[in-house]
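Okay, so chain A shows up in both of these, paired with chain B first and chain C after.
Take a look at the complex of A and B:
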């Protein structure tokens, strides 16, 4: 069963997840559960939108890295969008931006996913 | 122990600090082969000798079977013939009790006739015969034979029963004092003959080291000195007595009283009992002085001393007062000259006083050994009987003297206390920032010249001092032979987490522990000595600091400030200690005049989910108010959330809290996050967070790296009761990011 606490939608076989305002251990795990559930349903394309997210703590980051690992293991795709500057900088600091495309908006991310670039 | 006591013992709650002596005597008494036949317990009157002897007896009676203990206490005013009867009765009944392992034989207090019958009943014919012979000699008027029979009783019993006797003789100075009469000389001689015999060992006790007249035993016994209780034990005894008597007390005052009363249990008890009787507490020096004067003049102490210091003539009193009030030794000839009297008369008096343990003769010179309390009592008796003073006058003098002495002792006691406090404070230094106001004793307003102050090298900002990480403290005496003046403590440490010579710091701390402020001369002396020490140690960063418990004279402050020496008084030290040990945040209290316009906000977080967001919200409000832009505020929030998570994670104390302090200044925001647990995550080593083989970043260990990336400065500090992380963010254009 897909976690109902996470705001998500499916667009052309792409799952768009809207992250909470604060990504800590609990919120990170909620995201992970949703992803796990879609991966189990053989859905492998994800956009995680952080436009509503003010703070991502280091535990949240570790969980996000775990999510990326799982998607990549399934040969899936994941894009991040809507990052505020501080969170963008944080992803730069930990080196995530080298592995995951960071797009300005959810729309951009979905379009890029659709185009398969 | 008092439950099965054979001879009366004081209650356990009032028995303090003699275990070591008792254990030693018992072990010596039960040794199979003794090098010396006996022991002599020497100590002033009422110091607790009897209690030790009775407890030794008690232990030997119940806990071993190899030697038969016999206890006898000499009494004042006993006639020779009465002594013989009492002595043989005690000796034989205690032996019988020991053989039968029945203390009731002693407690039943049988007469000689009853005892003789008891001995016959258990077929102890030798002992019965001993009693019979004594009775026969006494009834025939042959007191010498009766006495000899009595004194030899332990020896005869020991020989015939084949059980060695351990003879315990209490208050032997009482027979020494009686040694002038022919009858008592006979007793002493008999005792001496007996004690020199190899067949048994003994323990004697007396107030004078002169064991028996003629000093027949000197050199053949082991002398054990029994001094007054040590101050801590004596204080504990007084505390216990005060509690038992519902007397209010201040422990520090009791400690001063304990010292004054020489740790003598009887004096200590007398004072507490008097306080209880007077319905007075022992809460101040004045309380103690009043109670002491009362008990010495009108109370139990005076009554006991009057009985003990047996003065037969006015001449005796004059001699006694002369020795008591003299500050040096006096020979008999000197005293006879001063008192204009016959040397032989003085000599007789002196001999009597020596036998009371009030004087001691050493190579012809005679000195007072009676102690301060007896000295006060003698002063009172002399003052009223000879000098014509009234008791009230003497009482006033005693109270006044006690207040002065007590005040002086209090000052001395503060010394050790403050020095220990300073060492505690120094060892708690661990790279914190401390407000400079705690190290600058204010110069009085009329003379204030801030320009005189030359900031030390470790003064980071106008209002803060970077404390070193102190690794140890030691005194300066080894390097300052023949120097006098205030003691100097040296603290050795490092700065900025860099443990090399360039960052080594020496704090030289002068401590003026007195009831007067630091003077200009003392300041000059400290500057001179600390300069010499500085030359010796050659530290990269020398810091000089003077702590004056009563503050500083203005000219001293000018001298010290001119040399860049930190100055702290007791109040400031207390504040520093408080913030180091309890609050762990180095901030100036409101009462210190701080010129800075700093604002501080404290936030306390419980360890509950998402509590870190409260801190983030506070940072948002404060940061925005300071003029940080949205991005900077977001970075502060994110870093602060990391610091809080870290603090929660490493706080091992259940129910503990995380303490935050936001320090707002013109150019920066400093946030201190502090827990009561272990260290925070250390700074990651360079390259330690390199990507694993999967190509993705490491999952954990990013907290510290993020904080460093988000803030301008991040510092970790170890505190005595936890750890602290300090985050600093500079306002653009007003401060610099420091690498």
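Take a look at the complex of A and C:
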């Protein structure tokens, strides 16, 4: 069953997840569970939108890295969108921005995923 | 090559993580949750995707995983290092770069292959004082950057937090183990204690073939009465033990006197009447958890009008436990067969108690005793009194017995 604590929608075969305000252990694990559930259903394209996220702590970073690894293992695709500056800086620092395209909006991310770029 | 200083963003991010790590480790959450969060924080701080925390068992001299992330099938894996290697790492007490050139790596060679399977890049041994507590390993940074001196310093600080958390958990586990051991010992001692008291009660009752199990019944009646009177469990246990031992002084009375069916001579009566005092002298030398036991024994033949023995105490001068014991002792004597007469019915015995209220017995206690019997008849839930009466009791008859009760 898909975790009810995370807002998500499916557009074609793309899952768009809306991350919560604070990505800590609980929220991070909720995100991970939803991704696991979709991966188990053979859905491999994800957009994670952080426009509602103000803070991501080290646990959240660790979980996000884990999610990326799992999606990559399945040869899937993941894009991030809507990052506020503070979180963009953290993703740059961690090196996530080198591996995962960071798009300004969810729509841009979905369109890019659809176009297969 | 000069290393770059950490950016302000990185520094603040790490500072925040250290604060969260300290808070997590001091939180009252369960150990598994704390240690998992701690590993995630370490991994998040170094952008690692794989990490493990091992605990060291000094008895078996093995490391076993307590939490991992990004690594499958860790269950059942144990790692072993030589005493020499352990000693060397305890002295070294710094993160070890498995891709580095430290001479310490030679001590690590027996487990290097295993750690390679986990993708380990950095290993840090968790130490408190000179005691090895466990180990932590993380893989390469997700960013692809190398580990810097700043990273090593940060990892050392985080490892210290982890070491204390693991150490505290080990102490707690040891304490729990000792507690369980002591609890079992206490239970065994308690059982031995009760077995001894029951043996005494059996020895007391064996002096008189007609009073077999008398002490056990008095004990059961006393505890039921005490419960009805609202006593605390601890005190109920005390009067239960007192009931078992109340006639212990009879051990010193000649068996022929106890079993004599014809009237006793003055000397014989004196002997028999000495048993509460003898019992008191025996029991007052024993350190019971319940201090009132010796006096309950001494005064269980006192009467509320002051005509009892040995101290001729009146009413509330008689300890409450002794007043209770006096009543149930007489009740049991009346409801069991004796050499000189057959047992009386419950109603006959209660009427006899009522007739002697304010003379021999405490009225309130007599009333409470009948109420306790009434409850047992109504509820039939683990009965302690009616179980021994061998007659069917009628609730209407009991209610009638409770009517017109003498005033205190």
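Methods note: the second predicted complex is superposed on the first by the 117 of 117 C-alpha atoms of A that agree within 3 Å, B and C clash if a C-alpha of one lies under 4 Å from a C-alpha of the other, contacts with A are read in each partner's own complex, and residues count from 1 in each chain.
Following the convention adopted for this analysis, a residue touches a chain if its C-beta (ideal position, glycine included) is under 8 Å from a C-beta of that chain, and two chains touch if they have at least 3 such contacts.
Values in this document were obtained by computation on a predicted structure and should not be read as measured data.
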**OP:** Look at where chain B and chain C land on chain A after superposing the complexes, then choose clash or fit.
**Re:** clash
Original post:
Which holds for A:69: it touches chain B only (first), chain C only (second), both, or neither?
Top reply: both
Original post:
In the superposed arrangement, does A:22 touch chain B (first), chain C (second), both or neither?
Top reply: first
Original post:
Regarding the shared-chain residue A:11, is it in contact with chain B (first), chain C (second), both, or neither?
Top reply: neither
**OP:** Name the contact category of A:89: first (chain B only), second (chain C only), both, or neither.
**Re:** both
Original post:
Is A:102 contacted by the first partner chain B, the second partner chain C, both or neither?
Top reply: neither
**OP:** Check whether A:58 is in contact with chain B, with chain C, with both or with neither, and answer first, second, both or neither.
**Re:** both
**OP:** Counting touched residues of chain A, say whether chain B or chain C comes out ahead.
**Re:** B
Subject >> Clashing chain C stretch [against chain B; choices 79-87, 151-159, 187-195 or 331-339] >> reply: 151-159
**OP:** Could you give the residue numbers on chain A that contact chain B in one complex and chain C in the other?
**Re:** 57-59, 61-62, 65-66, 68-69, 89-90, 93-96, 99
Original post:
So in the complex, which bits of chain C are touching chain A?
Top reply: 7, 9-10, 13, 16-17, 20, 37, 40-45, 47-49, 69-70, 141-145
Original post:
In the complex formed with chain C, which residues of chain A make contact?
Top reply: 25, 57-63, 65-66, 68-69, 89-90, 93-96, 98-99
Original post:
Which residues of chain B touch chain A in the complex?
Top reply: 609-610, 612-613, 616, 631, 634-635, 637-638, 641-642, 645, 691, 694-700, 702-703, 705-706, 709-710
Original post:
In their complex, what parts of chain A are in touch with chain B?
Top reply: 22, 24, 26, 54-59, 61-62, 65-66, 68-69, 72, 84-87, 89-90, 93-96, 99
